[in-house]
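Each of the two complexes below includes subunit A, the first together with subunit B, the second together with subunit C.
After this line comes the complex of A and B, so read on.
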C-alpha cells in the first residue's frame, strides 16, 4: 500500500497546509506521450512471435485490399486448361475449370477475410451489447438472455449453422447473420462476466445517481474498462469465424461459386491430392497461417493486458 | 554469541540469546521501484536497529516507505522493487546477500509477517489449523501433532473463542478480528525472533481493533519476541511500540522512545502529525429540517431486514454524523436515501415532501439535489476517464453547460477543491488518494447539491490527508451552505465535523442528538463502548482501558 511505486504522471502526495507547500507547485507537468510514441514503445517490447504474426497479418491485409492489382488474372476468368500443372504462366497451376490458382488465392483472401471480419464485428455488436445490458440491468433481463444463450450453445454450432443455411438459403448476408448470431453467444458470456466486475464499482452507481441513461453507462462507463479482454477475444473469435466459414464453404453451403474462397478451393481441388499434387494444400495452408498469426498477436496482447509478468 | 548457532542448528531452538541483544541492524538501506522503464528510489538510505524483545513502531503517511522497509527487514522486495544498497544484518547474517533458498529457511521460522488483510492472506479452501501447521512442519520445527497442541495454547492466549475447535473452521467462518488474531498465531507458530506487523488493525473497526491490539500486545510481551509494527495511526502505534520511527518520502524524519516522542516531538513534520486530531468544529443547532428519514425499515431481497424503524433528521447547512461499527446498517441507510434500495416501510422526506422510494421515479432535478461521495476514491472514479470528462459530464447533463462555459466551471470547481487546471487531463491513476477524493467532492459539488452523503470518505486515507479533506468539506459547507450526512466509524472524525450525531447498532438508532449531548455522559452502553474504544495518544491507554473493562465484570 505505502510502497506503491509512484506513477510517472507526477503524483505527489497531497499538499499539506501545515508544511510549506513547495512540492506540488514546483513540479512541472511531464509531457504526455503521443499515441504514436506509446504505440512504438509497446511494439518494441513485442516478442518475435508477435512480430511474425503482425507481419503475416499485414501482408494478408495488403493482399486483400489490392487484390485486383496484384492478381495476374481475374477472379473467375477461365484462362487455361483444367488442372494445369505449375508453370511460369500459371504459378500454382489452374483449377478444375481452368481458372488461375494464384489469382483465386489472392481474391480468396479478400473474400474470406472480409466476410470473417464483418461477421465477427456483427457478432461483437450483438453479444457485447446484450452482455453489457444483462450485467447492468440484472434481474429477469439477465436471466432471459442467459437462458436463451444457453439454448443456442446447447446445439453444436456447425450443425446448427448448416441447418439454418439450408432453411434460409446460402447467401452471403444469411451466412454473415447466421454465423454472427451463433457466435455472439460466446461474446455475450465473456462481456457479461467482465462487465459484472465493473458494474459493482462505485463509479457506475455514481453515474446512476446522476440520472445517467443506460446507454451512456454502458458506452462510457463500462465499455472502456472492459475493452482489453474484448479486443483479445475479437482476435480469437475472428479465427473461429474464419474456420467456420471455410468449413461451411468446404461443405458447399458457405460462399457460393464463382466467388473465390479458400474453403471451397480446398474442396474443388481435393482430387489432386490423389495424384501427389499439393496445390489443394495451398488454400488450407493460407487458412492455417492466418490462424496461427492471429493467435500469436492475441497471445501477446492478452499477456500485456492481463498484467502477467514474463 | 549463541545466536550464530541458532542460525545453523535447527534443534537448539531454546538457545535464543537474551532480551536486549542486537537482533536486526539495517544500514543505509536504499530500495528502488520501477514504473514504466525508470527506476526511482522509494527508500532513500534508512538505518534501523532492533533489539530482542523490543517493539519498534514505523509510522508515516502512505508512500512513506513503511511497508517497503518492513518487508526489506525480511530481505524481501516486492515485484517491481529491488534493494539497491545497504545491509540488512539479521542475527549476524546479511539478508540482502542471501539466496532465495536460504531466505526461505529463515522466513516463517525466524522472521514472520502479519499482513494488513487477513481475509486476503488466508487460503479460503483450507481450515485454519491446517494453514497454521504448514510452517512448523515444513521447517521441521515441530511435528504436526505438537504444532496442533501448541496452536490451541496460542489461540487461547490470543483470546480466540473455543481455542480447541476454532482451528477446524474455514477462514470465512470466523470474523475479521478473529482472523487477524489467527494470523498472528500462525506467524508465531515457529516462535520466530522477529515479527513484522503491517497495519494489522487498519481494516477493522474500533471495537474489534481493541481486542486484536490487546491480544497481540499480550502475546508479544509474554514471548519476548522482537517486532516491527507498521501503521499510519499514531495512537495505535503508541500503544504497541517501545520506540517510534517517523518516516516520510522514504527518509527517516525522527526517531525516539515512545513516551519522549509523544511528549516532545522535535521535527515540524512530527508535530503536524500530532496536531491532526485536534480539529474541532463549533457545533451549531438548527431547526430548519432538510432531510427527514421517517421510521424507515429496509431489507435486502425482501428477507434480510437490515434497518429497523430508523429515524433521523438533517438540518439545512449542518453535518449529521452517523456512527456505528460495520454491519450496523449505516451504508444501507445511505442506499435508502439515494433511492437505490427502496424502504419496505416509512419514507424519506426532503424539504418537507416525500421522495419517490425508487431512484427510477426520481426526476433529474431531485437527483441533482442529493449527491454522494464514496469511501474508496479508487473505485468511485472511472479509471478510463480524465478529470475533464469526470467533472464535465454532470455539468452538461444536469446543468446544461456547454463549451467554454463548461470548461470555465470545471476550472472553478478545481480551484474550489484546491487543485488547478494542470489536473484537467489527468487520469485517476495519475492522482494521489487525497487528490482522487477531492475530485469526487468536486463531482458532487458540480451540480450545486443541497445534501451530500459522505460514506466513510476519509477512512481509506491516511491521517494528514484525511484532515485536509475534512477541512475542505467544512470550508465548502460554510461557503455553499450544503448539508452533510456523514457516515463513519471513526469518532475522532465525528468530533471534528459533526453538529449532530446518530449512533446506530444492528440496524437501529440507539442514540441521537447534538454532538455535545451524545458525546457527554450519560451514554447509551453501546455509545460508551464506541467512545472508549478510540485509541488515545497515551502509551498507557490500552492497558488502562483493559484493566477498567475487566474490573466491573
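After this line comes the complex of A and C, so read on.
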C-alpha cells in the first residue's frame, strides 16, 4: 500500500521484469510488456480520428525539420512574377512579391510551429513553476498569485495582447514573451489545482521533514505525479497559442516579414480570393489542419486517461 | 432569500474590484511606454521642444496617481482623451477625441455581435440538447467531429472560405461589409450576412459542445437517476428536476460564448473590412495610437467582465440550494 506513491516518482521496472521470461515468477504473473509493445497495443485501440491526427503531426514534423531540403526555392527568394498562377514550375504559384508559394508554405511550417512550440514551452515553465510554488508554499504567496491571475484572466487574451503590443511594438521576442505570459495564467490554474492534491500526500510531507529544498520537492516529488494532465494541457494550450499567434500575424501585428509565416501569408495574398483563387486558403488550411490534428489526438488522450465512458 | 442577496452583493463587489484592477492595468500601458516613445510617434525630425510639449500633453509630467484619477474620471464620463495620430494633435492644434472615433464604430460592432448572437444562441442550445439527449448516436458523433473541427480552425479560414464560395464563386452575398451611418437596416443586414455567418459558425460549435457537456453532466447526476427509477415521467424530469439546475450552466455557456464573440469580432471585422471597433483597435495598434487602444481595450474588457458577472448572478439567483434554504 505504502509503496504506491513512491513508485510513481521513479522509473517503471519494465526491463528487469521482462528479461527472465521463463522463471517461476513469470509463470505466476502475466508477463510484463515492453514500452514499445504496450504503446502498440494502445495505438491499436486508437480511433481513426486519433490516427489521422498522429499521421498529420508526423508529416508536419518531418516537413519542418527538413524544410531546406524539401523546399524547391529559398524562403525569401524572389523567383518569378507577382501572383503567378499554379504551374509545373511553381506548384502553388507565387505570392505578392513573386516568391514561391510552396517553398514559403514549407518554411512557414518551421517558423510558425517552432514559434508556437517555444511560446507554449515558455508559458508552461512560467505557469508550471508558479503553480507548483503556490501549491507547495501556500499562504500569502498562493493568495497573491491567484488574485493576480484572476485579474489577468479577466481581460480577453487577444485584447490584452494587442494592448501590450502597442506598448512594446511587434517583434518575435515580444510576441513570444507576451503570449507566453498571458497564456501561463491558465497553466498556473491547472498546475496549482492538480498539485494541491499531491502536496497533501504523505511522501511530500516526508520529503519536507527530511529537509529537502523546495526545488527538489517541486521537481522530484510533485512534477512526476502531475505530468499526465499537464501533457494533455500542453496539446490544448499549443493549439490556443498557435491560433492566437496566427491571428495576430494575420492582423499584421505578429511575425513580421520577410519571415515566412502562415498567418501573414493569408493576409498578404488575401486579394486573390476576390478572383476566385484558393491560394490564400492554403496557409489558412495548413493552420487549420494542424490544430484539428492536435485536437483529435488530445481528445483521445483525455478520453484514455480520464477513463470517461460517457 | 437573504443568502441570495448576500451572495449577489459579494459577487458584485468582486466584479467592481476586478474592473478597478483591469482599469489600472490598461492605464499603466502609458506608464510602461519606452522612453523614446514621443520620438517614435513624432518622427525623427521632432525637436526637444515638441517632444516635451507632447509629453506634457499626454500628461507624463504629472504623477501617475493623479493621471490615473484624471483618466478614469474622464472614462466614467465617456471621455477617453485625444487620439495621438489624428492630424493637428502633434502641433498642439485641435485633436480628434477618441470618443468621436469610437462612438460610430461601437454601434456597428454591437449590431454585428447582436445579429450573430440572436441566431447563434437558440440554434446552439437546441442542437446541444439534441446531441445530449441522443448521445452516442450517429447524429451526435457527426456533430462532435464537425464542431471539433470548426472550433480548431482559425476564424479567418472560415471567413475566407465563406467569402470564396458565397460571394465570389456564387455571388449571393457581399464580400465586403462596408456600411455607412445611413445604410438602411435591411441592406445593413444583407451586407453583414457573411461576417455574421462566420461568427455564428465559430460560436455555435463552442456553445453546442458546452451545452451538450453540461446537459450530459446533469442527466448523469444521481437525483435524476432516482427520479427516473421511481417512475417520474420524462417531461416532468426535464421540467421539474433538471431545468432548475440547468439554468446556471446554460447561463454560463451563453455568457462565455458572448464574451468569446467580443474577441472573435476583431479578426472578422478585419477580414470583411467592417467599420467596427475591432478594426479600429488593430489599426491603432499598428499606428501606436495608445489612447484609442486603451479605450477599445477598456470597452472589450468591461463587456467581457460584465457578461461573466451576469452569468454568475444568474447562476446564484437560480440556484435551488440557495433559494430553498433550510
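Everything below uses one rule, namely that the second predicted complex is superposed on the first by the 274 of 310 C-alpha atoms of A that agree within 3 Å, B and C clash if a C-alpha of one lies under 4 Å from a C-alpha of the other, contacts with A are read in each partner's own complex, and residues count from 1 in each chain.
As a working rule, a contact is a pair of C-beta atoms (placed from the backbone, for glycine too) under 8 Å apart; a residue touches a chain by one contact, two chains touch by 3 or more.
On a predicted model such as this, the values are computed, not experimentally measured, just so you know.
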(message) Which partner chains sit in contact with A:202 here, subunit B, subunit C, both or neither? Use first/second/both/neither.
(response) first
(request) On the superposed three-chain arrangement, identify whether subunit B or subunit C touches more subunit A residues. (result) C
(request) Based on the superposed arrangement, let me know which partner A:210 touches: subunit B (first), subunit C (second), both, or neither? (result) first
(message) Touch test for A:299: subunit B only (first), subunit C only (second), both, or neither?
(response) second
(request) Check subunit A for residues that touch subunit B in one structure and subunit C in the other, and list them. (result) none
(message) Show me the residue ranges of subunit A that touch subunit C in the complex, using the header's touch definition.
(response) 49, 150-152, 154-160, 162-169, 239, 243, 246-247, 250-253, 263, 266, 270, 273-276, 278, 280-281, 284-285, 287-288, 291-292, 294-296, 299, 310
(message) Show me the residue ranges of subunit A that touch subunit B in the complex, using the header's touch definition.
(response) 1-19, 29, 32, 201-203, 205-206, 208-212, 220-221, 224-225, 309
(request) Under the touch definition given earlier, write down the residues of subunit C that touch subunit A in their complex. (result) 18, 21-22, 25-26, 29, 32-34, 135-136, 145, 148-149, 151-157, 160-161, 163-164, 168-169, 175, 216, 259, 262-263, 266-267, 270-271, 281-282, 284-286, 288-290, 293-294, 296-297, 300-301, 304-305, 308
(message) So in the complex, the part of subunit B that touches subunit A is made up of which residues?
(response) 33-36, 38, 40, 42, 60-68, 71, 78-81, 116, 199, 232, 249, 268-269, 272, 275, 338, 340, 359, 362, 364, 367-368, 370-372, 374, 376, 379-385, 393-394, 397-398, 418, 422, 425-427, 429-435, 438, 443, 447, 464-465, 468, 471
